[in-house]
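Look for subunit A in each of the two complexes below; its partner is subunit B in the first and subunit C in the second.
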Partner chain A sequence: MHPVLRRALVRLFEIIPVLWVVVTLTFLMVRWAPGGPFDTERALTPEAKKHNDAYYGLDKPLFVQYEKYLSNFLHGDLGTLYRHPDWSVNELLAQKAPVSAELGLWATLVALVIGLGTGVIAASRPRSKRDYGTMAVAMIAICLPSFVLGPILLLVFGLKLQMVNVMGWNTVGDRVLPSLVLGLYYAAYIARLTRGSMLEVRAQDFIRTARAKGNGSVRILLVHMLRNALGPIIAYLAPTVAGLVTGSFVVESIFQIPGIGRMFVEAALNHEDQLLLGVTVLFSAILLFCNWLGDVLITALNPKAAIE
Partner chain B sequence: MSATASNLSRIIAAVGVCVLALTLCACGRRETPVEIANREGILLVSSGGDPTSIDPQLIETLNDSHISVALFEGLTVPDPVTLEPRPGVATSWEYDDKTLTWTFHLRPEAKWSNGDPLVAGDFVFSFQRMLTPELGADYANMLYPIKNAKAFNDGTLKDFSQVGVKAIDDHTLQIQLEHPTGYFLELCYHQTYLPVHPPTIKKFDAMARRDSGWDKPESFVGNGPFVLTKYVLGDVVEVKKNPLYWNAAAIRLNGIRFYPIADVNAEERAFRNGALHITSTLPPPRIPAYRDTHSPYLRVMPVYGSYFYTINTRKEKGALNDPRVRLALNMAIDRQALVDHVTRGGQIPSYTMTPPSAQYQPRAHFTEDVAAAQKLLAEAGYPGGKGIPPIELLYNTSDAHRAVAEYLQAAWKKNLGVDVHLANTAVSAWLDRRHNADFDIIRAGWYGDYLDPSTFLELFASDNEMEQSGWKSDKYDAFIADAQKESDPAKRMEDFQQAEAILDTDAPIIPLYYYTTIILIRPEVRGYENNLLDQHLYTNVYLDPTATTPEPQQ
Partner chain C sequence: MCSSPRSIQRPPLSDSRPLHIVASSSLWADAWRRYCQHKLAVASLALLMLMTLACVAGVIGVTLRTHFGFGWPYGYEEQNVELGAQMSSAAHWLGTDLLGRDLLTRLLVGGFVSLTVGMLATGMVVLIGVTYGMVAGYMGGRVDRFLMRVVDILNALPFTIFIILLMVVLDNPLKSLLLKLNLANSQPFIKLCLLFLAIGAFEWLNMARVVRARTIELKSLAFVEAARALGRRPRQILWHHLLPNLAGIIVIYATLSIPAVILLESFISFLGLGVQPPLTSWGDLINQGASNMELYPWLLIYPSLFFSLTLFALNFVGDGLRDALDPRTDKGP
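Showing the complex of A and B:
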């Protein structure tokens, strides 16, 4: 078997036990957290609490509950919500995951376009005003948290200029600010990564050879130097994309986007255990998958890695 | 190299500028959602968070009930200002005080939103579902004034025909009570007494199942002025006018959109962005900005709710077991300063558990008096606070609660020399510690479910497990039990005054203020009246896009 393919398959099978560990640990942690889903401010009558616990199997020993959860999980049933009984976890994930995924993909696009663009600009003339200027802006973008940047942009474009809606996910205009706020931080990181990796090879022989052969500077910049930056960027992007497409609590809350990130944190606060478990598992699966994909891509770009 | 590379970066920069300019032009100054909604007759409301459910028998919070009043109608409906019961599905009623029986006459033209006639048997069915033990309805005990309802709900009685609800014919409903319940007609407009459509419940096997999902727009059937058209968690609940409602001709709104905005700052931004007619609240730090500029949007409504702290009075808590210490803690706080400088939302300082209402003006039983408080503490054996181990003040994490807790901490240290340290946890852990009585002094709050002191004072009866102060008083219990049996309203209120006197001087609680609901509301919204239960019937609400000044309130 081709070493790249073999490595891809081996890494794929490694995902299964990791996922199992995640499910088990999360299950135990949510069950051990203080309080329960039916502890409400208005105390339930003992009868109602008893029946609700029985309905959701919460009165069974922990191991029985775990076994039941795992068996349902393997059949693709992630259970229903306790405090919002109209909804099943599957239903909510199907409704919210695409929204978060879309936002994440737009943010990834923002990160890549702006990040690569400014990285290349900075690397084209190192230690110049242009380089220092773009890198300073990138540093600011890294330091500026989204819960500051988001409200500032909303204040200007939503409240002062009345140009965009400050909540919802309905029109094209609703996509612009959230994608920017979410993507900008990663854009700045990618810009620094791109610049660094490109400058590493700037003085190497193959660049000099390329130039001696009469290649144009744009070609050298984009083909020979940028290629060297791809490895680190892919390695960085894999977990980043996983995080982006599974939703950001902060950005979804600021812009009132009906995505999964907001659900996740609210579930943790309200003891919505089934939802919490479902989202954690989904997040882990996507993260593991993206890492796997990144790994395969890097191996394909540099087959040496497959043997190491 | 540098020449071409510099060209390249110029091209990239130019493209970037073009994209940005295009995006901005595409947006421009837009028509706001409120402007569009005004044109279409749609009310845009923030519901302050996702509804627990649409099913009136499974809902829990005040915010949930704001949606259910649009979709369902009970036997009675509240007067928008006084909250007195007015005809709803029932046109008239009479009471027989010998047999404790109410007879309701239902309007023959009342219909379900699918066209089925609404009959008395539907109410019997709905009450049965509410009380079915296996449904585990959180609020089932609201029906306990009905004869044998408690026995059926806790499973000791299996035969529902023994419960005091009977359909005499399609338009006559008879309800027999367990004991005279002076506020029963008010209960009839509470969400727990709303009817559900029996064929739909049966079709979805939802009699005892919480997660049947019958209340999605595709299958929803209700009897209210509006019907459900969209329901997406975390996004929106949308209702439109129900043409089959018996009084549809009087409804002036074409629809309502409830947005579940849980983040208070996002909610205020949405209002200023023209995306909402009404918010569910206003964050306290933002109140002065609106008040000082005499904003036409700010509205402060006194509501039937109390903000207080519960003291753990159990023996092992030492000093807190002594009523003199508890009263001293109560007397050493300047509540007026607390509401003026800390909470700043027009709240009313409180010295009793029960807020005032038209029928009940609670009497205060202690005054704020630091010298007297110090004396009480000395009499209890703790002069200058010496000998009292540090007390933990526990609240659920929130800036507003922290500010109040810090105020108390400083006041007790300064006035009594008592050391207090603050602790905060997430809501679920806070509730857990309260249920397990694992606290010294814990933050609490209570909104009345109906307009009667019993909704507050029954919390502290010995058989109630809510408050966990560990405090018990036979005399208190006797007054509460007496009030339950009493049918003379004046004597009932006096029972409550007596009970309250014991509660407030024995002091297992520290009342701080009566809640207000502070909202932002656009002047176009008319007919949205203030009332103590924060209940707003959308049957009276309409939009007047030309209105620019706020509606005067009675």
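Showing the complex of A and C:
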């Protein structure tokens, strides 16, 4: 079998035990802590509490509960909410996930286009004014996290200039600010990373050869340098895309976007354990998958790594 | 403070020409000289020290006021509801919030909380990360493979979510425990400890990896071999021979992890899951400012400014230290 393909398959199977560790760990964290989900409910009589516990199987030993959760999980069922028994976690996720995914994809686009663009521009003339200028801007963007940038942009463009809606997720215009706020931080990071790894490649012999063969500087920059500098960028991008697509807590809270991130924060504030469990498992699965994809891409770009 | 290496003029030896001998300088003196060439890093360090001093002074003043009635003119939780939210004035330099609390006082106390969480969590990162990385790197073989597998698995987890999960899960048992111990008043502080424990528990992975890589490099060098040949035990080698040589990268990564931790803390406090009122932190203040920004924009702008400037300074100090202590790494501006 082709070594790249083999490595991809091996890595894919390695996800399974890690995911099992995640499910077990989160399950134990949520259930082991003294105090069940109905303990904060003052109005509940002992009989009602007993009934509730029996209904959700909370009176059974931990191991039995774990077995049930795991078997439900393997059948793709993440359970129902304790406070609102007619809502299942699956339904909620299916309803909110597309919104977060769309926001995440827009933000990824912002991060990639702006990040790669500025990185290449900076690396095209190292240690020049252009280089230092763009990198200073990138540093400023890194120091303006989404919970600073979001409210300020909202104040300026939403409240003062009234160019965009303050909240909601209905028109195309509603997509602009959240995507920018979410993506800009990562764009700055990708710009720094791109510049760094391109400068590393720049010093190598094959670039000199390419230049000696009469390639144009743009072609060298984009084809020879960028392609060989992509490794670290993809390695950074894989977990980032997972984080972006599965919802940003802060941006969704600021712009009142009905996505997974906001739901997770609300679940955390309301001790909605079953939902927390479900979201954590989903996030971990997507993150593991993205890391796997990134690994495959890197080995495809540089097959030498697969043989080691 | 910043000076070029001293050149000492020695009395002429047998040959009559004056001889310039460069006085030897230690690793740290060398690094400090290199650091000083980095103007922005020096300015950032000054800003950071100023900010830290102001926050500490503010907290001391507020504490004196609550216990002895003198010191700072305002307390961080003293409300003046009739006053309400006011723009900056001679009495309140940065204005007041909706409950009439002095914003500057709250910023200093909040900054103290943010910086303390940053320092303590970083302390934990150093403790766990360095021990773990050194043991893995020095032992090598199966132990190393197992320990690094654990790091890989932990690294594959969405740790922001796990930190939030940890805070939520431990919230109820903590409350009941404190009620039993009659310590209900100290609950905000306990929550703070929980926050830095949770952050520290996940932030050490990077440190462990870097320390392990450098330990593997170092242990094949002759001086470690010599120490082993002289019969020094592994613990002595790790402590006396490897640790001093690892100090540089430990300092670099510790400095770079402080802004990351502060960012994480503010992020969690912004979501309302971190520090609990009346205690506050920068993330919490930005959150309150954001919810009132239409009428009282200064409640958003001043905390954002304090926070971003500190983050900026911390990042530049980290970059400067990396350039100064580890000249091999690629220098990013």
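Odds and ends about this structure:
To be clear about the criterion, the second predicted complex is superposed on the first by the 300 of 308 C-alpha atoms of A that agree within 3 Å, B and C clash if a C-alpha of one lies under 4 Å from a C-alpha of the other, contacts with A are read in each partner's own complex, and residues count from 1 in each chain.
Heads up, the rule we're going with is that a residue touches a chain if its C-beta (ideal position, glycine included) is under 8 Å from a C-beta of that chain, and two chains touch if they have at least 3 such contacts.
Here the structure is a predicted model, which means the values were calculated and not measured.
Once subunit A is used to superpose the two complexes, subunit B occupies space that clashes with subunit C.
Shared-chain residue A:269: touches subunit B and subunit C both. More residues of subunit A are touched by B (comparison of subunit B with subunit C).
When the two structures are aligned on the shared chain, A:250 is found in touch with subunit C, with no touch to subunit B.
Touch criterion met: A:142 reaches subunit C, while subunit B stays clear of it. Once the two complexes are laid over each other on the shared chain, residue contacts for A:21 go to subunit C alone; subunit B is not touched. Of the two partner chains placed by superposition, only subunit B is touched by A:92; subunit C is not.
Using the contact criterion defined above for the overlaid structures, shared-chain residue A:124 touches subunit B, although it does not reach subunit C.
In the superposition on chain A, A:152 contacts subunit C only, with no contact to subunit B. Judged by the touch definition given at the top, the superposed model places A:163 against subunit B, while subunit C stays out of reach. The interface of subunit A with subunit B overlaps its interface with subunit C at residues 33-35, 39-40, 151, 154-155, 159, 253-254, 269, 271. Residue ranges on subunit A touching subunit B, taken from their complex, read 33-36, 39-49, 51-52, 55, 80, 83-88, 92, 95-96, 117, 120-121, 124-125, 130, 151, 154-155, 157-159, 161-169, 172-173, 176, 211, 216-218, 220-221, 253-256, 258-259, 262-263, 266, 269-271.
The touching residues of subunit C, counted against subunit A in their complex, run 153, 156-158, 160-162, 164-173, 176, 263, 266-267, 270-273, 283, 286-287, 289-290, 293-294, 297, 300-301, 304, 307-308, 311-312, 315-316, 330, 332-333. If you check the complex, the residues on subunit A that touch subunit C are 18, 21-22, 26, 29-30, 33-35, 39-40, 131-132, 135-136, 139-140, 142-145, 147-148, 150-152, 154-155, 159, 192, 195-196, 199-200, 242-243, 246, 249-250, 253-254, 264-265, 268-269, 271, 276, 279-280, 283-284, 287-288, 291. Subunit B makes touch with subunit A in their complex at residues 1-6, 8-9, 12-13, 16, 23-24, 26-30, 32-33, 50-55, 58, 60, 133-141, 153-155, 210-211, 213, 215-216, 231-235, 259, 261-263, 265-266, 269-270, 272-275, 425-429, 431-433, 435, 445, 465-466.
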